[in-house]
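Okay, so chain A shows up in both of these, paired with chain B first and chain C after.
Now for the complex of A and B:
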């Protein structure tokens, strides 16, 4: 299937989903759907570097938080431009600020992508393990900076007040939901496109044998940097609308370890070799998490996620997609 | 006055560094020598802290003695974890991506398990020396830092002696360099790795007890040590125990000075900044091969 057609089909499914939710007319569905879709984007973002190139990123929470805090930064500028800009710039700035949410999402993606580029350049020339450890460190360094940066709220946190209603969509949560839906469609289409392009083949050579790839003339460092930037930018874009969703952000919630764990667990449980795996993993796992959080407790939900991650990497290394292929292959044989 | 402050910051840093050396010793063995990226190590250290806490609260036994009694338990736990790791990943040649995810999952499950069992309150131990301190002129040695630091250095020295003097210790060094050559000497590399990994895990019992003597512990306390231990391990040079000790003392002192003069909220960034710098400039570390 060609990419434009595939994207159209995804968009049709997305539109059908949105209309169905509107017909049901319960705002809680949109709140729930937003979280699930956010995890679809996060899992896909992780998989571009982790699944396609084989480089583990433990710092997903850090990249996500870059998006979150870029939004808060620009939101705070929009709240009090007279503190930031000199007198003569106030008039043009009043015209620019407050920035609309889609612009904030793009900005979040740009910043997270740039940080990914910088960190990738420092560590990707080494063995993959060092990159993984450095990403762990990155999240903590960023958190330290945010805690000490009072303009974005520091450790006290920051409030973001979403508008009451939005034209066309009605309530603000519906607007957020549609944005996240489009972002999920875009990231799935991008992941599928990468998978089938020369870029994806290059990524696969890195995953399978980096030394051999390098020897055959694959520009491994360049490809790894591209993957890191793409993946980082998607994380940032997933994080950018989050302050508007939650209303109040403090470093602990933006850098929450559960993002890092889910970002790894979802692709691993779904299957890392294609775009379907992270999507399936994210849909199943985050729906399950929502149910468990509501019915039992959020600690139990995290425990289940961790146990599922361990169980799948030991017993089903190729995830649910791998199990499915295995099952269909056996059925067609008999 | 400023000078006194500096002296005491350096002393506190050296004691902190000695404690960091105990925390990192296990990583230095498992990551540095065996190439097993056990990022769950800090999680097991917190487990050690909680075991010290439970026994101390129930029977009033000193946490460091509890840790020595718990050594065989952690050794067995290490053998178990290595067994699973070997069967599932190392033997299948899938140790990089999935092995990392496995240990990450272990870290997470340990933390959440402790949260479910003990809640998110700070836990601490009561010992006779927690409140006391020794004063020498302008210098002050709080005992809750000094006692763990001294025991930690003793443990570190014992480990270094074991690694350099005994047959098994030398075999561990050899397995990190050439497992095939070891096989030719009729030594089973898997057995050697299991012993070394279990030893690394056993150090968690000790480090956990030191930690809970030094400061109250939360289930999530382990996280701030992940980057720190790897920073120390990489800075010291992979697989070099003396390098680890030097790097641990160095990072302890730098962190302590940063805390004293710039405030504690900047301390975590110190070791991570150093880690990134080391990886970028000299990935083989101070005393690397």
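Now for the complex of A and C:
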């Protein structure tokens, strides 16, 4: 199926989902849906580097937080431009600020993509566990930086006050939900396109055997940098609307370990070699987490993630997609 | 094998034409261990060169330095008249330098045909700036696979192949890059008599298509059947270089192998 058609189908499903939620008319569904879709984007982002190229990134929370804090940064500028700009610039800046949310999402993606490029240059000569440790260290460095940067709230955190209502969409959470829905559609379409392109074949050779890839003419370093930029940018875009969703952000919530753990667990549970895996993993795991949050406690979330991850690593190392392929192959053989 | 072994050696070793591969004073160390010590080697286009030496003599290190898997520390590597030391391996591949690995390194998540598609996309495609359609790619994959009689296994996983098929795939992937120079690093280890014959015949056929080939091998009957010229490496140094029949009688070579 061609990418434009595939994207149209995804958009149709997204529109149907949105309309169904509107018909039900419970705002909680939009809150829940936002989180689930956010994880679809996060899992897809992780999978571009982790699944396609085989480079395990433990620093996902750092990239997510770059998106979050890029929004805080521009929001704060919009709140008090007189503290930032000289007086003659205030009038033109009043036209630009406050920046609309879609622009903030793009900016979050740009910044996280740039940090991804920097991280790639610094760390991509490392392999396996060393790369993973380096990405974890990067997240810690970024958190320390944010904690000590008072303009974005430092350790005490920052408030973002979303508007009460938005034209067309009604409540602000519906607007946020639709934006995240579109972001999820875009990231899935991009992941599927990559997977089937020359780029995706190059990524797979890196995952399988980097020396053989180079010997076959694959420019591995360049491709890995492309992967870190794409993956970082998607993380940043997933994080950018978060301050508007949560209202109050502090470093602990933006750099929360749960993002890093879920970003790894969801593709692993779904399956890492195709775009479907992260989506399925994110839908199942984050829906489960939302149900548990309501019925038991949010503290159980990571426990569930951990247990499922252990179970899948032992019983189905190729995730649900791997299990599916295994079953269909067996059925066709018999 | 006998008719191959019986082929007359017709080439001369004159250095009139500029060499395709020129290695000068090449050196590589691993910590305190000298793997290659000022090796000189010049390979004219179209030659079939056998490279032998005991284990640990530096053969694979030399291949790695030529192909860019490792970077040499001293000396120079030139290919097609251009200095390539410092150039990444993938660019050397695009210049026409292909190698197979001693232990086959297939792309495990892909089918046999998809393995061949990688150099077609990334080496041949990048070299000529052409975009092959998927049906053209498929045809080319099958064409390359039929050279090594693997066309029936195109849809299989490389993990389902036998040892000899895996080695053929390794060679086929290197061939698919349409190289000027092909380095076959111990393509025949562990193979039966007739399988060795198959691979030697294949390499000679490729050479007849104009590809220069360096073959690294321990199996002497294969080396003697294949090589127009034989180079012996011992402890990172070249100790003999010349016509195979002369080289194997060289007393330094005999000494290196028999320990006398």
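Here are some notes:
In the analysis below, the second predicted complex is superposed on the first by the 333 of 334 C-alpha atoms of A that agree within 3 Å, B and C clash if a C-alpha of one lies under 4 Å from a C-alpha of the other, contacts with A are read in each partner's own complex, and residues count from 1 in each chain.
Going forward, a residue touches a chain if its C-beta (ideal position, glycine included) is under 8 Å from a C-beta of that chain, and two chains touch if they have at least 3 such contacts.
Not measured: the values here are computed from a predicted model.
Of the two partner chains placed by the overlay, only chain B lies in contact with A:134; chain C stays clear of it.
In the superposed model, A:198 makes contact with chain C only, not with chain B.
Of the two partner chains placed around the shared chain by superposition, chain C is the only one that A:213 touches, whereas chain B remains out of contact.
Chain A is touched at more residues by one of its partners, and among chain B and chain C that partner is B. Looking at the shared chain after the overlay, A:302 reaches chain B, while chain C stays out of its contact range.
Looking at the shared chain after the overlay, A:148 reaches chain B, while chain C stays out of its contact range.
Looking at the shared chain after the overlay, A:58 reaches chain B, while chain C stays out of its contact range.
Of the two partner chains placed by superposition, A:327 touches none, neither chain B nor chain C. Looking at the complex, you find that chain C touches chain A at residues 67-69, 88-91, 93-94, 98-99, 101, 105-110, 114, 117-119, 121-123, 125-126, 173-174, 177. Those residues of chain A that touch chain C in the shared complex are 198, 201-202, 204-205, 207-209, 211-221, 273. Considering their complex, residues 50, 54, 56, 58, 119, 122-123, 126, 128-130, 132-134, 136-138, 140-141, 143-145, 147-148, 155, 257, 261, 264-265, 268, 272, 299-300, 302-303, 305-307, 309-310, 313-314, 317 of chain A touch chain B. Residues of chain B that touch chain A in their complex: 37, 39, 84, 88-89, 92, 94, 96-98, 100-102, 104-106, 108-109, 112-113, 115-116, 220, 223-224, 226-227, 230-231, 234, 265-266, 268-269, 272-273, 275-276, 279-280, 283.
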